[in-house]
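Across the two complexes that follow, subunit A remains constant while its partner is subunit B and subsequently subunit C.
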Partner chain A sequence: MWAHSRGGLELLFGSVKCHEVDLDSNEITVEKLLVWIRENLLKERQEMFLKGKSVRPGVLVLINDYDWELMGHLEAPIKDKDSVVFISTLHGG
Partner chain B sequence: MLEQKLADRDRVPVRSAAAEDLRSAYTTHGLNSYQVCRYSRQLLVPAFGIAGQEKLLSSSILVIGCGGLGSSAALYLAAAGVGVLGLVDRDTVELNNLHRQIIHSEEAIGTSKVRSAATSCRRINSSLSILEFPNGFSADNALEIVRKFDVVVDATDNLPSRYLISDACVVARKPLVSGAALGLDGQLTVYNHKNGPCYRCLFPVPPPQSACQRCSDSGVLGVVPGIIGSLEALEAIKLASGTGEPLSSRMLIFDASLGRFQNIKLRAKNPSCVACGDNPEITEANFHNMNYEAFTGVAMTDEVIRKQVVSLSNSLSCLELRKRIEEKVPHVLLDVRDEHQYAISALPQSTNIPLSQLQKNSQELRDIILDDEKMPVFVICRRGNSSQEAVELLRNSGVNALDVTGGLEAWSREVDSKFPLY
Partner chain C sequence: MVRQCEHCGERRQALRRPKTGHKVCRECFFQLLEDEVHETITQNQLFKKGERVAMAASGGKDSTVLAHILSELNTRHDYGLDLFLLSIDEGISGYRDDSLETVKRNEVQYGIPLKVLSYKELYGWTMDEIVKEIGRKNNCTFCGVFRRQALDRGAALMKADKMATGHNADDMAETILLNLLRGDIARLSRCTAIMTGEEGALPRCKPFKYTYEKEIVMYAYFKKLDYFSTECIYSPNAYRGYARDFIKDLEAIRPRAIVDIIKSGEDFRISSTARMPVQGVCSRCGYISSQKLCKACVLLDGLNRGLPRLGISRTRGIKSTNGVADIDEKSAVAGAVGNGFSKKLSLEF
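And now, the complex of A and B:
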């Protein structure tokens, strides 16, 4: 699967916007993906990305271009070849 | 022919008695011959046509914020022939606005943004009716202003205003076109329309203060808000004229660096939303008491407040710094801004190590900076906030670090006005 970060969040991942993630099992949940990202990709300032088991306020999670609220939130299933985007809301103008 | 059309121009609000008089025997709609000619190229778009133009001419659209987003939004709305255009902003035009705020010109520097924007819009379309709100938008005046309009465009640049505007639109039952831009990224959506979400449905809890980046800190490529503002005008025109499908329950995400637009499907409105849910907590009765700056922990202005964290005995003023440089007192001058900011302008003889690098490895860097532990390290940044963080960090690892109070902005004020400020 592919994990993308947008809206400034990529800065937390060494300015890399797109990460390929090999899943050990056929299907995992977003909750487990967040744990994996915390342990493997996120090197600094975790509080800018995570809060508790979830993402911090102001971050939208998109699974194949769908808001994760429509897909089951933390329980949303992710399969191989899925695309997950983490996007920080912008306020500038 | 043209003279007659120009003479007709000012007299003809659509559907007024005067318009009836001037109505041609050749038409069955409310546009006179000047308006038919003026808007002909969009009358020719089948999905818009006469019916769309008539609706637009009798509609009113409020643009909140006359900056990067509001510039292109207001100009396109003026050109397209909106009936009444409302403009809100309490700021004045500054030199560093002009690269993106294309509605303002060099002559407008120092004058009201609303006045400057209104002048530009009238220059494009003198038949436009414009309502100017130069005192800004707050919980005190929000409902009163929003109620005068059919559609609201959020073209602001800060978090508390976004909550305030969304709540006001929910209470006043107005659709809200919301755009944002920063760096090379843009976002656009329509809130509070039919079964779509409001801003609070998506973001019930505000993000931490540290996640709220501003154009004045993070920068923005001028054309990016220009594109998003143009798209805001488009969505507002669609809503006002009943054309196409508004971007409700969807969000358009623009990545300028990759040249890519992504159109994502958003959740529906949340029945338990405190603003637009079934039992709202935010109502007309308590709206005036809302404090959006306290709720978000962010100020509505672009002003940066400097907080004194480091003790004064571990600080020195820019004048004192100049004295020590002139007297050749041995020291290290450490500039902790990011490299791309250091490249814009910096004090001679300064060493650049960004705060983020210091945070990663202050011990090792201490060795690089210093042979002598007692050597004073004068730490400077843009405004004097990051430098204080760096001083705390360095002092904790035994470095004799001192903060240059107020940073390079203070240097420019107190020592040398020729320092290139940004």
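And now, the complex of A and C:
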């Protein structure tokens, strides 16, 4: 699968916008993905991206370009070849 | 698990709308959002036919989506507006130069003329130079005060009748909360106005007053609009940051919180015992001000005299009442400035 970051979030990931992630099972949840991201990708200032088990409020999550709120938030399933996009809304406009 | 759009019943749901909870497809989302902005514009009579309208453009998400939607609606509903983009170059290297490139691309993409005005031209100082003088603690005060005036001056220079800004519902809720937290009753009472400065030469309006930030960002993402999203390199306004996080936390639990805060703000009735500042004009530059000198002139005075803290710290002898930077300027910090009004508030709902 692919994880993308937008809206300034890429700065937390060493300015890399797209990451290819190999899943070790057929299907995981967003919650598990976030744990993996925290342990493997997040280079600095975790609090800008995560809060508790979830993303920081104000960070939008899309799975294959669909709002994760339609798919159960943290419980939303992610499969191989899926694309997950994180967009921060927390900056000036 | 794929569900149909609750509006058209045909296409696949793409997002959940925060204000209503409706789950809609992309196409319906675009249509509904644009219709709502159109409704806000017509119900509040934000524009008159033939007006020349400056769209404040920072290159960020809000102003980019505003430029896109407003030019679209102008054609679709025959508003008859003469639109142009107005940008301010604060002179912050590594931040504004990049975002200005975005605005320049918008100029081409939307076919709307662009005017860029710099702090250097207007005030003789770039923000980088100001930060060298003042340090990083209070620089947002300068920037906020200067930007507001710069936009007005630029719009006047371009003979605009009105200015439209991209302030969204989240910004509005945040500002209401901040004014409440600061006890700034004068601003609390006027910050919810969708149109300000109607008595002056250049009214300002906020077509996105009821539009959620989430939807603005989703709109920009789905439409692949070109916007710039790096935070200013100078220190962010911490107090506003807390208010922002608080509102986002509330929204996560109950998305309607944002429109409800706006509703509360609109319905406040300020008691007549609260003394309101009298608006006049600055004796030096003629800009609207409740003091003899406007805030920008006081700040500029300090800079040019080598006393950059003038107008920022609470000083005897210098009235630091601030009637210039209206609360809706996102980065205008007035927290450090005493506001001299008697603070009696009575609330009626």
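Please note the rule applied: the second predicted complex is superposed on the first by the 90 of 93 C-alpha atoms of A that agree within 3 Å, B and C clash if a C-alpha of one lies under 4 Å from a C-alpha of the other, contacts with A are read in each partner's own complex, and residues count from 1 in each chain.
Here is the rule we use: a residue touches a chain if its C-beta (ideal position, glycine included) is under 8 Å from a C-beta of that chain, and two chains touch if they have at least 3 such contacts.
The shown structure was predicted, so the numbers you read here are calculated from the model rather than taken from an experiment.
Peer 1: Examine A:57 and indicate which partner it touches, taking first as subunit B and second as subunit C; both and neither are also allowed.
Peer 2: In the superposition, A:57 touches subunit B and subunit C alike.
Peer 1: When the two structures are overlaid on chain A, which partner does A:40 contact: first (subunit B), second (subunit C), both, or neither?
Peer 2: neither
Peer 1: Pick one for A:90: touches subunit B only (first), subunit C only (second), both, or neither.
Peer 2: After superposing on A, A:90 lies in contact with both subunit B and subunit C.
Peer 1: Following superposition on chain A, which residues of subunit A contact subunit B and also contact subunit C?
Peer 2: Residues 6-8, 56-58, 60, 62, 65-67, 69-70, 85, 87-93 of subunit A touch both subunit B and subunit C.
Peer 1: Mind listing the subunit A positions that touch subunit B in their complex?
Peer 2: Residues of subunit A touching subunit B: 6-8, 17, 44, 47-48, 56-60, 62, 65-67, 69-70, 85, 87-93.
Peer 1: Using the touch rule from the top, collect the residues of subunit C that touch subunit A in their complex.
Peer 2: 1, 3, 12-16, 23, 58, 60-63, 166-168, 170-171, 213-214, 216-218, 221-222, 229-232, 244-245, 248-249, 251-252, 330-331
Peer 1: Help me check something: in the complex, which residues belonging to subunit B touch subunit A?
Peer 2: 65, 67-70, 155-159, 162, 179-183, 185-187, 202-208, 210-215, 218, 220, 225, 228-229, 251, 253, 255, 258, 262-267, 360
Peer 1: Which positions of subunit A touch subunit C when the two form their complex?
Peer 2: 6-8, 11, 56-58, 60, 62, 65-67, 69-71, 85, 87-93
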